[in-house]
């Protein structure tokens, strides 16, 4: 088929790579999302001295797939009085930008969707879309709890994005780049060569903000089920809920990936560097987030914002300033 | 333990009880009109409200207010009698806010109207017009003296002392209330 | 006018009665009857301004069973199983309150050993009730794991109580003139083992939860109840002792053999949710102490008096009010008898009913999340409130 | 002031670490749940299930019940119904009871009351144990049947005499 070949030749290699990357990422997110559901339930189970899922498949490994099938098979119910368009737009808007977030992340030396020199900026920009989705979900479903949840989601995400950004910026100052590939490359294989050693405070701040950004416990206020029943997704069932659910896990993967790249040396590692190091570090961070959830009570809303404005923001400012001075003085 | 209140502000009969036997160290029988003043007296003596409840007796509806004290032992019971025709008793929610629910509950169960209760809705029962469930059949109603070893509540000085034979229905307290 | 028409269409009579017309930018929400933090079917209508509560009104009666009417249509003995179902978390205390009232009314003697058995069963019930409260309260505050640890311990208590009562939740253990069954050696050894284990578990609870900074932030200075408020609403139990009043029915109106035991009444003066929390945590320790003493002192003898009333027994004309200290506060049972085999009137004074009645005043002006914390700290058992 | 604030913050963060330590430790401890279909609970010696009839020592097919009606009358839930027939038996041969069987009036009036049915509506039972407590001949006891499950209410309407006979055959 010469025509086809010619046609394919006409497509820029960069675009092919991007499309391939998106497809691969879709698989990656899907699989990791399911794996993470399993990990979460297993960790929760063992923390509480229960087995967690164990009936379906070996060690309950098939359980998340069965759950996904159940969610997909459910009827898509729209509550009475809901804004139908916004109501269904919200889960899509929550889930779809996730793919873009993964594109600049270097999973390995060459395993990166799009090596752009503004990678971290791209991620931060598109991560902001999630708030819009939660906001629309809360508004569109015509539920008072949902509305309250949406209000919380917006206030929380807007507030926590700032120290998150500043923490990331400190690393960028230090490495002098916004490209994730470059940031990874500037770190070494061994833990003492990672950015976390130079920027422990930035890592600490980033991690707290990341937990808050992804609405995970103890900062899961938008859905706070003991207060707002289920918050912004009160009325969602079936795959509408499923998409929010998946988006939450995908977002967790994103923030942990970014943390891995920025602070933990990315795919670099002792002995044999490669994507497995990336995955190990990422999952370690994910398990810590999950561990948080099964340990702590939920903070109150005003305390959450107080923590941000009175502690995290000043600290990240100080950190940024210190980094800037240090860079100016020593570099 | 069963000391009588010397300066009790409303006319009524105070009957000390045996706490070990009945769990009530003092019973005060009084007319409905005096209940708010009596409650305020109890409040001033720092008694806390335990509950308000009712009894459907041959003589009418008896409302019982149980009070106890955080430091002193014993239990003081205020007892008022409302007639069956006009079962109205002033509410003590102005003194003891906690009485609101007890009074609403008693109204649900007996149909006693507590005048001045800020909430006139039912509390425990459904919002339909159901007959008060704790009303007794006429035949089954206990006569006060028989049920209790006390003098009848007819000793209340306010309703012009009917030394209450069983059938006597003191309608006077009710008229006292409506004034 | 149009506003009224709208509310006429939406909501039920409670909402309509609650809704006082246009009040500006407020939101009226129904928290419950099905809501994760109302622990059952309690409904609270709340007027919200943003997340701040302007007014709150509990709507009760969703699990109302009219226990007091059942008391009048059943004989004294037949009413016993009802007592396990008023407050399913501390059924023993209700058992005792009713049995105690009837024993007072009929002058029934209780054998010495039965008194000890009653104390042990009731204090075990108190621990298990507080454990459930602890777990559920943390569930309200968003921590999922503590309830599992609490249930781990509670499971042992239930196993123990199953040995003597045969059931695990709705006990019907007490009888007029004693208890239904004596302890077995398995019970005694299991209990000793449990007490030792439980004492080592309490520090873990402290590390995991009590010292946790988030929990402290969620509880301290939240829902402050002062003594006068407790008096006006008749709040008792840990709610009252969290306000600095050392009032415990076990001491104030000694019943059974509580005067023989050496135990403290934990009192915390702050009056906030944390004080109530601390009172309950300390009470578990005190209950352990009481059980240990009771086990050591328990004499031999019969567990049910030989002169115990027969089922068709008539206690004679009279009335009796008997109060015991339940896990939630003062449980009072007022029994009037007209000499027939059925009670003439049974009045149940439920402590959480009185404790909840101060919630509207307490919730005014607090943030929604605090209202959840306050409600949890009051330790509500809805079937007890609705009866 | 500021040092105090920072000290509090450090304590707060430390309390969070302690919390993680507790859950982490529990993570490593063995599970304590009972996996129902594979494992069952064993502490059922004193479990109070539904009541069942106790057979006579000499005859495993006949209940000790003397049909006094104590259990039926004292049951708070009214879930016990006893049905019996009065028969005259000329000879003392234990006979299988048959419902509705009416013996002919014999000249020798030795009347024997015989239990034909002991119905328990377990749907209503509140497991108080008053029937067992007040049975004068100890003809009632609690079963140990904790894993009782069914698909309809009808499955919990037991005929205890029949169950006794089934047990007797085993």
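Order as written gives the chain letters A, B, C and D; numbering starts at 1 within each chain.
The working rule: contacts are C-beta pairs under 8 Å (C-beta built on N, C-alpha and C of every residue); 3 or more make two chains touch, one makes a residue touch a chain.
Everything quoted here is computed from the prediction, not taken from an experiment.
S.K.: Applying the document's contact definition, name the chain pair with more C-beta pairs in contact, B-C or A-C.
M.R.: Result: the pair with more contacts is B-C.
S.K.: Looking at C-alpha means, what's the farthest chain from chain D?
M.R.: Ranked by distance of C-alpha centres from chain D, the top chain is A.
S.K.: I'd like the Å distance between the centres of chain B and chain C, where a centre is the mean of that chain's Cα atoms.
M.R.: 26
S.K.: Measure off the straight-line distance from the CA centroid of chain A to the CA centroid of chain C, and report it in whole Å.
M.R.: 44
S.K.: What whole-number Å value describes the gap between the mean CA coordinates of chain A and chain B?
M.R.: Averaging C-alpha atoms per chain gives centres 64 Å apart.
S.K.: Which chain B residues reach two or more other chains?
M.R.: Answer for chain B, listing residues that touch two or more other chains: there are none.
S.K.: Considering chain A alone, which of its residues make contact with at least two other chains?
M.R.: 47-50, 294-296
S.K.: If you look at chain D, which of its residues touch at least two other chains?
M.R.: If we look for residues of chain D contacting two or more partner chains, we find 16, 19, 22-23, 26, 32.
S.K.: For this entry, which pairs of chains touch?
M.R.: A-C, A-D, B-C, C-D
S.K.: Can you name the residues of chain A that touch chain D in the complex?
M.R.: Interface residues on the chain A side: 43, 45-51, 291-292, 294-296, 311.
S.K.: What does chain D use to touch chain A in their complex?
M.R.: Residue list for chain D touching chain A: 9, 16, 19-20, 22-24, 26-33, 35.
S.K.: Please name which positions on chain D make contact with chain C in the complex.
M.R.: Against chain C, chain D makes touches at 11-13, 15-16, 18-19, 21-23, 26, 32, 43, 45-48, 70, 73-77, 126-130, 133-134, 142.
S.K.: Within the complex, which stretch of chain C touches chain A?
M.R.: Per the stated touch rule, the residues are 27, 29, 35-37, 48, 50-51, 138-145, 148-149, 152, 208-209, 212, 214-215, 217-218, 367-370, 372.
S.K.: What residues on chain C touch chain D, complex-wise?
M.R.: For chain C paired with chain D, touching residues are 74-75, 77-82, 84-85, 145, 149, 152, 159, 162-167, 170, 172, 175, 180-181, 184, 186, 204, 207-209, 211-214, 310-312.
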